[in-house]
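Look for chain A in each of the two complexes below; its partner is chain B in the first and chain C in the second.
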Partner chain A sequence: MSDAETSSDMALGATRELRSAVRRSLVQAALPIALLMLLLGFAIVDVRVLSPANLMNIAQQTGYLALFAMAQTVVILTRGFDLSLGPTVSAVSVGAALAMASGTSAHQGPSVILLLGLGAGFVLGAACGLFNGSVVALLGVNPFVATLGSYNIAIGIATTISGGRPVQGVPDVFTQLFYGGTLFGVPAVVIIALILGVILHIVLTRSVFGRSLYLIGTNPRAAMVAGLPVKRILVTTYLLCSGIAALGALMLTARTGSGEPNLGGSLSLQATAAAVIGGTSLAGGKGGVGTAVLGALFVTILSNGMNLVRIDGYVQMVVLGAIVIAGVVLDRARLEQR
Partner chain B sequence: MNSLGTAGRQDAPLLELKGISKRFTGVRALDGVDLDVRAGELHVLFGENGAGKSTLINVISGSFPPDEGTFRFGGEEIHDLTPHRARAIGISPVFQEFSLVPSLSVEDNLFLGREIAAGGVLNARRMRKRARTLIDELGFDLDPSRRVDDLSRAHQQMTEIAKALLGRVRLLILDEPTASLTERETGRLFELIVKLKTEGVGLIYVSHRMREIRALADRVTVLRDGRHIRTLDAASASDGDLVELMTGRKIDVLFPAIPHAPGAVTLDVENLTTADGAVQGVNFHARAGEITGIAGLVGCGKSELVRAIYGIDAIVDGMVRLHGHSVEQSGPRESLRRGVAYFPANRVAEGLALSRPIRENSSMTALDLDRFARLGFLRPRAERRAISVVMERLKLRPPDIERNAGALSGGNRQKVMLGRALTRDLQVFLFDEPSVGIDVGAKVEVYEFMKHLVETGAAVVVVSSELPEVLALSNRLYVMHQGRIAAELSGDDKTEQNVLASFFQDHGREAA
Partner chain C sequence: MSSAVAAYPRLERHPGFGLLGRLGILPALLLAVVIGMSAADPHFYGPINILNILRNTAFLTIVAFGQSLVIIGGGFDLSVGAIVALASVVAAKAMAGLGASVPGQDATIIAGGVAAGLGCGLAAGIVNGLCVAKLRVTGFVVTLGTMSAVTGLGLMLTNGIPVYGMPDSFVKGFGRAQLLGLPTAVYAALLILALMIFVQRRTLFGRYNYAIGGNVEAAVVSGVSIGWHVIAAYAVSGLLAAATGLLLTAQVGSGQASFGGDRMMLQSIAAAVIGGVSLRGGVGRVEIVAISALFLSILSNAVNLLHIDSRIQPIILGLIMVVAVALDEASRRRKARV
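== the complex of A and B ==
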C-alpha cells in the first residue's frame, strides 16, 4: 500500500514539475506567441496586413523604433531611465537641419553638407547624453527626475532654435541616402538598425563595459565595492543612449525631409514600451538587443495593425500606455518564477 | 500502537512532526523528518547550510506546506497551515531575512496587521505604551519611534524578536538570532529565553555557535541532506559528536593553528578619522605574515575602519600608508590595484550580484587585468578556465560556475567572494565578519583559506564581533570602542577577559 502511495506520489510530483516547466516556458515565450497572434488577428480583419508592401513597411518602422528601444535598453540595464529620449531626437533633428541649411546657403558641396548635418546631430546627442549622465552619476539625482528635467530642457532648446517651425533646407541627397537608399532592396534604416544591433550585442555580451552594465544593474553597491568605475560607466551609458537616439533622429529627419521640433513627441514612451514589453527589466540587469528588437517589432505591428483597421490615434496612445504597464507586470511574473 | 498513543496524550509534546517531506522541483529538501518539541524546552536544530533547517522551520511556521507527513501542535493534528494561522495558534518565527517594513517605525512594525483600533481609528497611545512595555521587558536598547531603515542590523534583529513576542506565543522559532547582536544583547536574549522556558514556551533554535548550544539547549536534532540524523540530549553530547554528526566527517579543531610569521609593516594607519565620525583618531598597523584582529561591539567603528582603508567610507583626517608610502584615498578600484582587498560583511547588499553567474561574481574585481580582458573586450575562455580552477581550489559544491550566485548557500557565497582573492595579486586582505551566516564546515574552510594567505606572506585583517573567532585567529588583536582603539593585545594578554575589560576601561578614561 505504501508502495502504491509512493509511486502515485511520484507521478503527482512529476506532473507538477511538468506543469511548472510548461508554465515557465509559456511566460518566457509569451511575446513571440502574442506577436504571431497579433499579426494573424489583424490579418483576419484586413488581409492587407500580410501584403508584401505592408510587411516591408513594418520592417522599416521596426527599424526606427528598434534604434530607440536599443538606446533606452542600454540605460534601463543599469537601473536607469531616459525620459528625455524623445526631445533629444527633436533637438538633434532641428540642429542637424539647421547645420545643413547653413551649409547649403554657404554653397558648400554635398559631402560637406552631409558631414555638417551628421556632425551637428551627434554633437547635440552627445551633449544631451553627457548632461544626463553627469546629473545621474556625478550628482546622484534619480534618473527619472534627472531626465524629466532634461526632457523639458531639450524641448525648450529644440523649439527655440527652430522658432517652433519645421526647419527647411535638408538637402535631397540626405533624404536619398538615409531614407530612400536601399541595399539589395532592404531599406537603409533596416540596414543601419541591423548593423547597430550586431555591434551593440557584441559590446553588451563581450566587452568589459557591457559586463559592467549588467553587474551595476543587478547590484550597484556590490559593483562599486568590487572596484568597477561605476560613475564613469554610467556617464558613458547615457552618452551611448543619446548617441544611438541621435542616429535614429538623423534617420527620421531624412524621412521627413526637414528638421522637426516635435519629431520625438511620443518616442520616449514608445521606446520604453518596446524595451519593457520585450523583456528588459526595469529593475536592471536583464535584457539586451534581442529584447529591444522583439519589443520594437511588437509595438510596430500593433500600431500598424491598429492604423489599418482604423483605430483612432488617441485610442492608440491608451493602448501604448497600457502596454508599458502590462510589460512591467509580465516582468515581475518572470522574476517571481526564479 | 493505539493504546500507546492515548497513554501519551497526557504529556504529549507541544509540537510533533512525523515523516515530514518537502520537495522543490526535483530536489528533496526534507526527507521523512521527525521532530518533537516539548513545552518549556529549547530544541536546537543543527546542520550545515542546505541541510534542511530553513525548510523545516518554514514548514513549521506555515510558509511551506509539507508534501508528506503529519503535523501535530498542542495535541491536535494540523492541516493546511498558513503563516497567519500559525501565528494565531501561537507559532511565532523570527527569520534571518527580516519581515520588517523599512519605511515604518519600530512600533508600527510591531503592530503591523494587528493594530489596536477602535472603530477603524488607530489607538496610537495604547500601541506605543504596549510597545514600550514590551521593549523594556526585553531589555533592548531600542527606540520604538525610530524608522526601521535608520536602525543597525542588530537593532532590526531586536525589532524582529520583539515583533515575534508581541502576541501570545507557545512556540518561538529563532533562526540564528545572535548573528548580529553584541555580547550584551545576546546576554539579554538568553535571559529572556530562560524566562520564556519557565513560562512553558517551547523554542526551536537554529545556530551554528557551539557556545550558545552549550548554554541553552535541552536537546539537539541534527539534520544532514534533508534527513533527520539523530536527536540527542545536549548534556550528553560533545561538540565533536555534533560536528561529526552534522558533517558526516570528523572535524577535530574548529580553528586551525595559524603559523604567524610577522614581517614588515604592510598597512599602517595614523590618526585616522572618518567623515561620519565612526572612526576617531585611530592608529593601527598590520604586518605581513600575520592575522591582525579587530574586536569590538556593534557600532564601535571596527567595520568603518577597514572600509575607510579600502576607500568606501570617506576619510577627513589622518593617513594610510602601504609598504611605508602614504596613499591618497581614492576608492575600491585604486585599492585593488594597490593590492588591498575588502570582503564585506553583508554579502547580499555589498558583495554579490545575485542574479549573475558565479563566474562573473568572482572575476568582478579583476576585469581591469589583461588576464580577463584585452582592449576592453572580455576573454571568455580564459575567464572560464581561471574561475574554474579557483573554485576547484575552494571546493565549491557543486562545481558549476555558471549557476547564479543567488542559488547558493551562505558558505558557498563566501567562497565566491574568496575566489576574488585568487584572481589578482593582493597583499592586504580586509575581512569584515567573515563567518556571519555560514555553517561550521564552511567556516573551517574560510579559516584554512586565511591560514593559506598568511603562509604566502599576506597581511590579513579580521574584523569580527565573534570573540572566540578573533581571539583564536589573530596574532595581535586591537579592541575598538566608540570609534577609538581601546587596547592592543598580543601573546598571553590576548584573552576574552582583557577584551571585555577594555570595553569598560575606555569608558572610565573618557569620563575622567
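== the complex of A and C ==
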C-alpha cells in the first residue's frame, strides 16, 4: 500500500512538474505565439497582410523600430532610461540634413557630402549621449530627470537650427544608399538593423562591457564593490544608446528625404514600449537584442495589421496602451516563476 | 574640511535653516527672474501679464500637486496630460448633450458636465492605481500605457475637433470670471493647495504616502495596507488632472483633445522635481512645488516677453531642470556624508 502511495505521489509530482513546465514554457513563448496569432488573425480579415510586398513593408518598419528599441534597451539594462531618444533623433536628422545641404551648396563631391552628413549626425548623437551619461553618472541625477532635461534641450536644438521647418537639400545619393539601397532584395534598413543586432548581441553576451551592464542593472552596489568603473561604463552606455539612435535617425532621414525637426516625436515612448513588450525589465538587468527585436516586430505587426484592416488611428493608440500594460503584466508573471 | 563637516549639523539646528534648506535655490532663482524682468520690461508687472502668469501657474500647480503626491509615494504618473485632455472633452460633450436635452437648466447641465469630467479623471487614476498596486507593474509603464490609451480616447471622441455648446454661465460665469480681481482658477489652486497641505500633514493617508515612498518594506512591516494608499494617490492625481482640464475648458470656452498633452505632463514632473520632490519617493512638499510651478510659469512668460525665440525656451527649461536636480543631489550627498 505504501508502495502504491509513493508511486501515486510520484505520479502526482511528475504531472505537477510537467504541468508547471508546460505553463512555464507557455508564458515564455507567449509573445512569439501572440505574434503568430496576430499575424494569422489579420490575415483572416485581409489576406493582403501576408502578401510579399506587405511582409517586406513589415520587415522595413521593424528595422527602424528595432534600432531604436535596441538603443533604449541598452540603457534600460543598467536601470537607466533615455527619454531624450526621440528629440535626439530629430536633432540628428536636422543636423545631418543641414550639413549635407551646405556641402551641396559648396559644390562638394557626393562622398564628401555623405561623410559630412554622417559626421554631423553622429557628432550630434554623441553630444546628446555624452550629456546624458555625464549628468547621470557623474552628477548622480536620476536618469529620468536627466534625460527629461536633455529631451527639452534636444527639441530646442532641433527646432532652432532648422528654424522649425523641414530641411531640404538631402542629396539623392544619400536617399538612394540608405533608403532605396538593397542587397539581394533586402532593404538597407533591415540589413543595417541585422548587422547592428548581431554585433550588439555579441557585445552584450560575450564582452566584459556587456556583462557589466547586466551586473550594474541587477545590483549596482555589487558592481561598485566588484571594482567595475561604473561611472565610465554608464557614460559609455548612454553614448552607445545615442549612437544607435543617431544611426536610426540617419536611416529615417534618408526615408523622408529631408531633415525633420519633429521626426523623433513619440519615438522615445514607442521604443520603450517595444522594449518592454519584448520582455526588457525596467528594473534593469534583463533583456537584450532578442527582446528588443521581438517587441519591435510585435508593435509593427500590430500597427501594420490594424492599418490594413482599417482600424481608426485613435483606436490604435488605445490598443497600443493596453498592450503595453499587458506586456508588463506578462513580464511580471515570467519573473515570478523564477 | 573637518571643520566644515562639524559646522554643518549645528547650522541645521538653526531655526531659519530648515525652511531655507528645504527651499534650496528656488527663491533666489525666482527673485532673480522677477527683478531682472521688471528691470528689462515694464509690461512684465502690468496687471494683465500678472493675471496671465497667475492663471498659467494655477493650471500647472493643480496637475503638479497630483504628480507630486504620486512621486512622493514612490510612483510616477505620465498620464496626467492625457487626462487633462480627456476630462476637457468629456465634460464639454456631456454639457453639450445635456444642454440639448434639458435646455435652460444651467445648474443641472454644469453639474452633469463637471461630474462627467471629474469622473473620467478619477476612473483613469483608479485604473492606474489598480494596475500598479494589484498587478505590481511599475507606475512608469502603467501610466505610459494609459497615457496612450487616454489620449486615443480623447481624440476618438472628438476626431480632434473642439467641442462647443457649453452654457454661457460655465464659461463667462465661472471660467473667465474674476473675484477681487483674480481669476477663479487661482482660487481653485489655492483651495487645493490648502487641502493638499492638510492631507499631507494631518491625515493618515498623507503620512502613509510618505512612508510608502520612503521605504515600502518598512511601511508593510508597520502594517500599512499599501494597495489602497497607492490606488488613492493615483486616483487623486487623476482627479486633479481632470480638475485642470475643467478649468482650462471653462477658460477657453471649448473642450479640446489638444489640452494638456506631453507638455503638461513633462512640466508637472519638472515642477515637482525642481520643487524638491525626490524621484526616489518619500520626500517633498506641495507648497514648494507651487513656488516651483510659479517659477516655471514666470520663466516661460519672461522668455516670451523678451522676444527670445520660443524654440530656445525648451533648452533653457531643460538646463535649469538638470542644474536644479544636480544641486539637490549634491546637497543630499553632502548630508549623507555627515
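The working rule: the second predicted complex is superposed on the first by the 335 of 338 C-alpha atoms of A that agree within 3 Å, B and C clash if a C-alpha of one lies under 4 Å from a C-alpha of the other, contacts with A are read in each partner's own complex, and residues count from 1 in each chain.
Keep this in mind: a residue touches a chain if its C-beta (ideal position, glycine included) is under 8 Å from a C-beta of that chain, and two chains touch if they have at least 3 such contacts.
Owing to the predicted nature of the structure, the values given are computational and were not obtained by experimental measurement.
Should the pairing of chain B and chain C on chain A count as a clash or a fit in the superposition?
clash
Taking the superposition on A as described, I'd like to know which of chain B and chain C A:229 touches: first, second, both or neither.
Only chain B; A:229 stays clear of chain C.
Classify the contacts of A:112 with the two partner chains as first (chain B alone), second (chain C alone), both, or neither.
A:112: touches no partner chain.
Which of the two partners, first being chain B and second being chain C, lies in contact with A:286: first, second, both, or neither?
Touch partner of A:286: chain B, not chain C.
Between chain B and chain C, point out the one touching more chain A residues.
The partner that reaches more residues of chain A in the superposed model: C.
Which partner does A:139 contact after superposing on A: first (chain B), second (chain C), both, neither?
Only chain C; A:139 stays clear of chain B.
Touch check for A:214: first (chain B), second (chain C), both, or neither?
first
What is the shared patch of chain A, the residues that chain B and chain C both contact?
none
Show which residues of chain B lie in contact with chain A when the two form their complex.
Touch residues, chain B against chain A: 23, 25-26, 67-68, 312, 331-333, 335-336, 342, 344, 349-356, 360, 364-365, 367-368, 373, 376-378, 380, 420.
Using the touch definition from the top, list the residues of chain A that touch chain B in their complex.
Residue list for chain A touching chain B: 9, 13, 17, 20, 206-209, 211-212, 214-215, 218-219, 221-229, 285-286, 338.
What residues on chain A touch chain C, complex-wise?
135, 139-142, 144-146, 148-153, 155-157, 159-160, 164, 269, 272-273, 276, 282-283, 312, 314-325, 328-329, 332
Name, in rising order, each residue of chain C that touches chain A in their complex.
76, 131, 135-138, 140-142, 144-153, 155-156, 159, 266, 269-270, 273, 279-280, 309, 311-319, 321-322, 325-326, 329-330, 333
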